[in-house]
């Protein structure tokens, strides 16, 4: 199953569940994968930044990817292969595809500055991994400090036929989506799938601007899937009602450094993973922060009963 | 009237209103100042980044500061004096205080990296402007790329008796407030006022963590004032209800580069300023973006009637 | 006298001399200007980063520029007008031209990233100052963190007829000069003057690559002038012999933060300025560092007798 | 053989030789290692940035390290283990020590900003690799954008008994060495070895400030070894004479991005490695640049006959 430019819907950014002693929790991978499938995900992305990929050694990373892929044979799985050099990127890409991945995701290293540097980097990356592996550009300036104009994205897409997807998480980024879709309508850019990240903070409008869906890791992926469906169905008000109900918590999760702690805490609360453990370096939650999350869940529960279910025994 | 460490409430970040041809719109300054006073502001901050200070020449900047100060004789006014060098900072500080300012705000230049560099910078700034001018630290890493630990902030406060306020806009930043307030409770840090910026995105919890109020420029400063009051009164649920109603729009305004365009657009819609004009360089709003703001205002109006009043003739 | 694209030779980056108590030392400006003229400078650049421009207030900056211009009526003087906003840039540019400047120099703010952002910035700067003021691009990534490809420089030159000069101080940068000159030879780029900075660390080869001369502030501007002349005369070995003799000291002066202290120390030693005083913030020289400079001067004196003359009474 | 705080002399930064088709050239590793030993090296450092470590996959990296270690059983070999996460760092450290390495070198990731972040990073790194592996701090702000004050270095050394060495390549950095040595003399800092990098651009004075030697990769490591010996013997003038003779070429090699191309070109010219091939991404030398290097070698040959020997058949 190869990743395609026609991809739509929700590709959750899958966390890597750990046990409290730091081992990979494969049972939680299975449980979470099942949940992703049941709530309507159309794919998955593993070993991203929020998947704590850098905290895994090479063998572990592959084990995680394989487990996700094996549990969801019906879903295309994208594997993050960003690496400090092309040799490691190539090796991981090969191994991921051998394991059944549908494609890979490549983020730019934070030393790139000029348009040409960025375009050249993706060309060299494709030379390294081979032109037959479908790949997704990760455009996340807030984290990577690399700023890609729409024109640069067009050059990457045009230069590399194996580019089939953009993980859009620029901020602000609504006009970027509109520009790319306008170029597509005008015929100066072939279609690629645009799935949006950045914690989903603008997903309500991104879908209206022409995005095909979401690729992020909010603790309620079921909400993200519903939102994308409602937007695709043209049910604008319902989509915003749902989004707005979740926005206070979603915004709280969207804090660099501790966001993953919030996400795992809520996922564990929901029973999607067994523990909110992270490997070091990890931003933890203070008791006050946990109480704040509980308060937000309680408020959310008045509007979305899935949050009620989440409020089980505290971790 | 000198700025004091006991300051609380709302110090709106005042924009600089322009006419469509780029002239300073002094009438709008008056109108806006009156509104700030009426809605319960306890101070004002002018010539900040969002006040388009760098787009004013020296004489214009002083004219703007003077007009705000003159119109609100009952309110302490903070003047942003960040400058590429201490000579310009000194000159502007002197002039601002002569014009009746209550204090000044100083942001760190984005070349600072180490703890010592930051502490030294503030010491030299105070040497330049004089130890008798009360000042506010602006801690905004997202924009300035300077990261101040709580320990660095404590060193600045302790070294400089004229430091009376922290404009807190770190992100994430809730634990920073808690740490500073804990140190204060333990006696290892004297009290300074903490007012929160960053577009207000976490103001609901910042007040609960010990912040004294807000210093930001959201297009509904009246909401910010209400929120701070409700939080101070212990009306937690009401505070969050109000905040959550505004969060979709507040989040939309919190987009770097175009956020000010949204803010001025809504302020003009509300009649608080005559035009949403900015001087170059300015991020503008596309027709789609304006329609999105209108949609958010319409949705907000169902929960806060001040948004209804805002939906007058489009600009 | 307007700055022209045919400019060649040496435009020293003039320091701003201060007295030990921090006042501007206008007598030293006169003395230094005379020396620049006598040693064969073909122009001057004032109020650059190394001219401590940010440490002057607006009135002082103009006084410094005027004094340099008045003392050297025969030389075109470029005034640095980089500023945090276009209003201040416009005001300083107007005033500088009124005072008799030949042109201005504009550095990009360190927030720019993409090619388009850089090109747009220069277009807006020209709109602000007016298309009739000749200007020089300052391309110094090491200090400004803005990386301009040759293609971006070509766009700026092509878009703005008033662009007549490039202060080239990229590192590494030899291929950039070759590329620009190749484009000029091919007819795809009009000629602008290229003068090289970056402390002169590669000036020996930059002249061979097609640069028209130097714009930097090494404490022996007379050496720079000689080097440019020798290179222009095709006396390659002699040029390198001279350069190599100075390289140990020139390299020592090329240390960010303390380089200006070295430069002023040697200039004061040579009697070109009365004092090596800087305004804060300033990197000073330890006793060990001064002894190292003395040692380098003593070694240099065996090859260039101008260094002997320099070894007078220590400051 | 464990790396010790008493280490002195020259630890060359060993390149990774490749054949023109990109394979690792193990024969050249042997030849180069022999040369390092013969010219008086007291250790070696492999898999650094200039060793193209990121361009090797995990298995290759270990093969390179093992070959160097095996060929020089008498020399302590430091292995660069900087990695995007602690899991990979731990794995490589374990493998390197198993292969006979004397210690490892750890650079800070370029996302660190505050003093505490840097100190915490090294503490966590030591937790990851184990407190029994001697390690070297790499302090190279120009490349990593992480600025460590002397105080931060002292904290790292004090916190981690397994820290035995500092690779000093701050710029400017002479005062940093003096400060650390002063603290050592005062008893507030235990002794660690300080070896200097940054291409050797200030090695002439670094040795005089208290550095124990060099750890850099200039194409004439034999010159570096001689310089360190002369300095240690107190032959100041002779040390500087030698250094100054090489400075024009050494400076030319010290160009980010293409410096390694110069280094490998000259090493191949000298017969130390078979080819100057690099893996992508690689900065190449234009024909003009090669001619410039030849010119510099010819000039150097008049002062150091080792450069004559280098001028054999062009690559």
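A, B, C and D label the chains in the order they appear, each numbered from 1.
The criterion applied here is as follows: a residue touches a chain if its C-beta (ideal position, glycine included) is under 8 Å from a C-beta of that chain, and two chains touch if they have at least 3 such contacts.
None of the values given here were measured: they were computed from a predicted structure.
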Given subunit C and subunit D, the chains that contact each of them: A, B
Selected pair, greater C-beta contact count between A-D and B-D: A-D
Subunit A and subunit D, separation of their C-alpha mean positions in angstrom: 39
Between subunit B and subunit D, centroid-to-centroid distance (C-alpha), Å: 48
Of all residues in subunit B, the ones touching two or more other chains: none
Subunit B to subunit A touching residues, read off their complex: 171-172, 174-175, 178, 201-202, 204-205, 208-209, 240, 243-244, 247-248, 251-252, 255-259, 286, 288-289, 292, 299
Residue numbers on subunit A that touch subunit C, as the complex places them: 113-117, 146-149, 151-152
Footprint of subunit C on subunit B - complex, ascending: 53-58, 60, 83-88, 90-91, 110-111, 120-121, 124, 127-128, 279-281
